[in-house]
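Below you'll find the structures, each written out as structure tokens.
Look for subunit A in each of the two complexes below; its partner is subunit B in the first and subunit C in the second.
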Partner chain A sequence: MSELVRLTSATKQFSGRQGLSVTALKDVTLSIRRGEFVMVVGPSGSGKSTLLFTVGGMARPTGGTVHFGDTDVYALSPSRRAALRRARLGFIFQTFNLLPYLSCLDNVTVPAVLDGQPRKAGLARGRELLGQIGLAARIAHRPAELSVGERQRVALCRSLINAPDLLLADEPTGNLDHQATLGVLELFKAQNALGLTILMVTHDLNLAEQGTRLIRLEAGSVVEDRPCRHSGVSV
Partner chain B sequence: MFVLFLRSLQHRWLESLLMTAAVALPVAALTVQRSLSASTEEQIHAQAHDLGNNMLVLSDRTELADHYALHYDDSGMPDLYPERIASAPIGRHIGWVESRLGGNLGLGKEPFVFLGIEVAAGGRPQPSLPKGMVALGPTASTRLNRGAGDRLQLNEVDLVVGQVLGATPEGLDTGVFASLYTAQQVLRRHGEINSMQLAGCWCSLDVPALAEQVEALLPGTQALTISGMLEAQKGTIAQAKRYSRTSLIAAIVLIAGLIMALIASQVRRQVREIGLLLATGAEPLRIVLQFVLKAAIVGVLGGALGHVLGRPITERVASAMVGVPLPAPASLLVPTVLLSGLLCAVAAFLPALRAARLDPTEVLRDV
Partner chain C sequence: MTGLRGMQAGFWLARRDLRGRPGSFLAGSLVVAVIVSLGVAAEVILRAKGQAVRTEIDRMGPALRLVPAGNTGSDLARFDLGPAAFDQRMMDDLRAAIAPLCRVLDGRLVVRETIQGRSTPVIGVDPDGSFASHGNFSELEEGRVWLGSELARTLMSQPGEELVLGGRAARIAGILGETASADDLAAFVPLEPLQRALGREGAVNLIDVYPRQGVEPAEVIERLDPWRSRVHVLEMDRGRSSTSSIARMEAGLERHRRAWYGVSAFVLALCIFIWSHLNAVEKRIEVATLVALGCGRGSVLLLLATQAAAVGAAGTLLGYGLGALIALAQDHDGARNFVFSLKLLSAMELGAVLACVLGALPAGLLAGLREHAAVLQES
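Up next, the complex of A and B:
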């Protein structure tokens, strides 16, 4: 498997009030290969989300580099970096962040619209994705009319609309009940089986073992990086 | 992106409507104020143009403003005054005298101005409309449903319509024009006039001194020279312009402040939406454009709405308050709309820039 993401001595410090600074990532060096399903775990404040946003081109490291393929992400202009996020990255968040005034289908097509793709093609792809996850009947519904599990599935479709190389998921099951969590995880696994690389942050240690690789962060440093125990086993 | 923008605008239609109204109200007030100011100036110039370098003689109970506000009151003076001027020593300086008697007439619910005019040159009356014949302004003709050759009865006096005027003096569309004698019959004010206009070659004369002589010769009158009148009204124009400038600045500050505050409030309430768009690859410039464009649309619509509201307010309410016709100049529409749109766009720029600079990692971080 070829390398998709490489962090080299990535450090991220936040300047706090009264001159105090917080180190969210400390000299992190790791690489993620295509097709991996990487779970990132660690206690609150360990730098999991910061790692995700740093890989996603939204949090410039104060030290070190982040490469996406051969591209040094933070050497790009903000505009080129935005284009990279549009075309090659998908994002999914704990609180879904669906736009309340758009239908499911329109929410799914937001990244395609941002990418300037033809509206008709975007809508067709959106319908296809929603159909694949069993929400074909809900395409005209607004987010408020869906269950939380359904909302997260819509958010997943949105992250996949531009056929990204890497899916970045920040606690995507944090707001879901057990059943919905399993459903979303199945979808992630199915996408991973189709070749999508996933970097997912979670608090749930059992869930974390369902990926192909587990990275544990503590105080901004990688303290564990190993294959998952249940790798390849469906829950 | 434009689709998203339209959906967002549609979703927040009430807010957008309120923003438009917030822009429209100061624009409407400004339109009325500008019209008042411009109209005051136009009226003064029109009066000066109508009167030329002449002298206007009024009953001393008549205000000039009332006279030109087309509200003719009951104050009057004898119509033998022109003869008295012609026979006095000052008569040699007077080229011609125009005597007028005006009054308001109501027929049913329709108001008309009945105006009798007689011009005398060298002491002798010049032929004008024959007795019993009237000329109608276009609106008067329409409202009375009378044309040339038709008969008409006003205040029990039988009249014949001699002609319908295309353009009427002093904008009196609802005017009914007649000879002085006919006006006195219809208005039942026999032997009266309520103003005189004296014209002559004054270039080598002391006109204010001549005006004093006219007043001494005709007790109960006031003689106004146009130069003196203009001098007095220059102050009015200057003050109107000052008010106009001040209100323009106040409206600009008010609109800019409102838009800035409202857009800033929207940005605060939409941080997650903006963060999501930034995270999924929206360029910061697009975020700026989204808010600036929204403000510009609100500004253009508000400017147009304000102008639309301002026109009837100017033409009806303000005209009724001031007592003179105040047409809202149509030429203000395009500059008003452009200025309003531009102003709102500029005012929205700072909060829009803040939106574009939001850190998605902060606003999307789930607590």
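Up next, the complex of A and C:
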């Protein structure tokens, strides 16, 4: 499998009040290959989300580099980084972050609109994705009219509409009940089986073993990097 | 995201946001409406009062009077202008040359006719267009005549009586108030019937000129230069003194007006900046999500600017209506001539939208520069 993401000595420090700084990532070096389903675990404040946003081109590291394929992500201009996110990355959040004033279908098509794709094609793709996850009847509904599980599935469709290379998921099941969690995980696995690379942050250690690779962070450093027990896939 | 793509995305999001959350849109529009309504009311009242002042000045007489060359001011004072006249074609040429500088060009035919056996000045006037110290001529139609106060005294005539004017019967429509001018000695009849009766269709031998606001009589005189051989220009006392002092007063008012609009635009921009900033802070998670999905800073800026422009446009429409009502309530008769002005509405729309967009730009820049990853982590 070819390398998709490479972090080299990535460090991220936040300057706090009174000159105190907090190190969220400390000299992290790792690579993610195409087709991997990487689970990132660790206690609160260990730098999991920071890692995710650093890979996603949204949090410039204070040291080190982040490469997406051959591209040095933070050597790009902000607009080119935005274009990279639009075309090659998909984001999913714990709180879904659907736009409340848009219908399900419009929410799903937002990345396509941002990418300047023809509206008809975006709508057709959005309908197709929503149909695949059983939400065809809900396309005109607003997020507030959906269950949390449905919202997260809509968010998943949104992240997939531009056919990204990498899906970044920040605790996507954190707000879901057990049943909805399993449903979302199955969708992730199905996408991964189709070749989508996934980097997912989770608190749930059982869930974390459902990926292909597990990375544990503590105090901003990688302290464990191994294949998941249930995956049967070597890394 | 750059250029057209960013603009389209910004407009798409703004349109749906405004449609999906009308409350915020309405609140912003109301703020704009209140400020715009004050501006509209002030402007309309100013125009109405300005018009009232100019009308009062016009009652004193025209700034310029044009008579056929060969006549003098003394001839006019004696109502003895002779046979020369301006024909319709000449009137059209003069109108084309000076109409842009003038509010009114009032063509009259001044002749001498016999009334009750006396040679009397008779002035043919346009009943709808003529200005006079005693107001416009109402009820002046064919077969009717208004008499100057001195003439009525001499003839011992009363309104409603009939008299013989140039061999034709005419009923006295009314007697004009005393003006201490030559008008007191004259009779006033409708222009067209007089022209027909004398076989001088389309002819006038006196043109009263009322320049537009801010136009000096000298500018009009300069435009009349090519007709110097055919037109004698009489600059009236009012033209030399009142007009220039009014022009100075209006220039002063114009400075106050500009200052008022400058302050209003600043206040409007400040209000919209606060509205946009609060809007952006309230929606910071949405903005951060859009950035994560690939929205560029330009689109964030455009999103907020478009919303502000829409708020400005809608608020101005609402504010214009409110301002018009305020103006009408304060000065109904004066204001009604100015409230339905497409030009004023367009200017207000343009100014308010511009101020709103300028006000939204700093908020949009701040929103675009925010640490979006931190916002998403906090959420």
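Everything that follows uses one rule, which is that the second predicted complex is superposed on the first by the 231 of 235 C-alpha atoms of A that agree within 3 Å, B and C clash if a C-alpha of one lies under 4 Å from a C-alpha of the other, contacts with A are read in each partner's own complex, and residues count from 1 in each chain.
Following the convention adopted for this analysis, a contact is a pair of C-beta atoms (placed from the backbone, for glycine too) under 8 Å apart; a residue touches a chain by one contact, two chains touch by 3 or more.
All figures in this text were calculated on a predicted structure; none of them were measured in a lab.
Undergrad: Consider subunit A as the common anchor and indicate whether subunit B and subunit C clash or fit when overlaid.
TA: clash
Undergrad: Is A:H141 contacted by the first partner subunit B, the second partner subunit C, both or neither?
TA: In the superposition, A:H141 touches no partner, neither subunit B nor subunit C.
Undergrad: If you stack the two complexes on chain A, which partner ends up touching A:T50: first (subunit B), second (subunit C), both, or neither?
TA: Once the two structures are laid over each other on A, A:T50 reaches both partners.
Undergrad: Quick check for you: in the superposed arrangement, does A:H203 touch first (subunit B), second (subunit C), both or neither?
TA: neither
Undergrad: For A:S79, is the partner it touches subunit B (first), subunit C (second), both, or none of the two (neither)?
TA: In the superposed model, A:S79 contacts both subunit B and subunit C.
Undergrad: In the overlay, answer first, second, both or neither for which of subunit B and subunit C A:E171 touches.
TA: Only subunit B; A:E171 stays clear of subunit C.
Undergrad: Is A:D115 touching anything from subunit B or subunit C once the two structures are fitted on A? First, second, both or neither.
TA: Both subunit B and subunit C are touched by A:D115.
Undergrad: After superposition on the shared chain, which partner residues are touched by A:N97: those of subunit B (first), subunit C (second), both, or neither?
TA: both
Undergrad: Quick one: from 79-87, 97-105, 223-231 or 277-285, give me the piece of subunit C that collides with subunit B in the overlay.
TA: So the stretch of subunit C that bumps into subunit B is 277-285.
Undergrad: Which residues form the common part of the subunit A surface touched by subunit B and by subunit C?
TA: Shared contact residues on subunit A: 49-50, 53, 56, 58-59, 78-79, 82-87, 89, 91, 93, 95, 97, 99-102, 106, 110-111, 113-115, 158, 170.
Undergrad: Report the residues of subunit A in contact with subunit C in the complex, numbered from low to high.
TA: My answer: residues 49-50, 53, 56, 58-59, 78-79, 82-87, 89, 91, 93, 95, 97, 99-102, 106, 110-111, 113-116, 142, 158, 162, 170.
Undergrad: Would you mind writing out the residues of subunit C in touch with subunit A in their complex?
TA: 1-2, 4-5, 8-9, 12-13, 16-17, 19-21, 285-286, 289-299, 371-374, 376-377, 379
Undergrad: Show me the residue ranges of subunit B that touch subunit A in the complex, using the header's touch definition.
TA: Where subunit B meets subunit A, its residues are 1, 3-4, 7-8, 10-12, 272-273, 275-286, 359-361, 364-366.
Undergrad: In the complex of these two chains, what residues of subunit A are touching subunit B?
TA: Subunit A residues touching subunit B: 49-50, 53, 56, 58-59, 78-79, 82-87, 89, 91, 93-95, 97, 99-102, 106, 110-111, 113-115, 119, 158, 170-171, 174.
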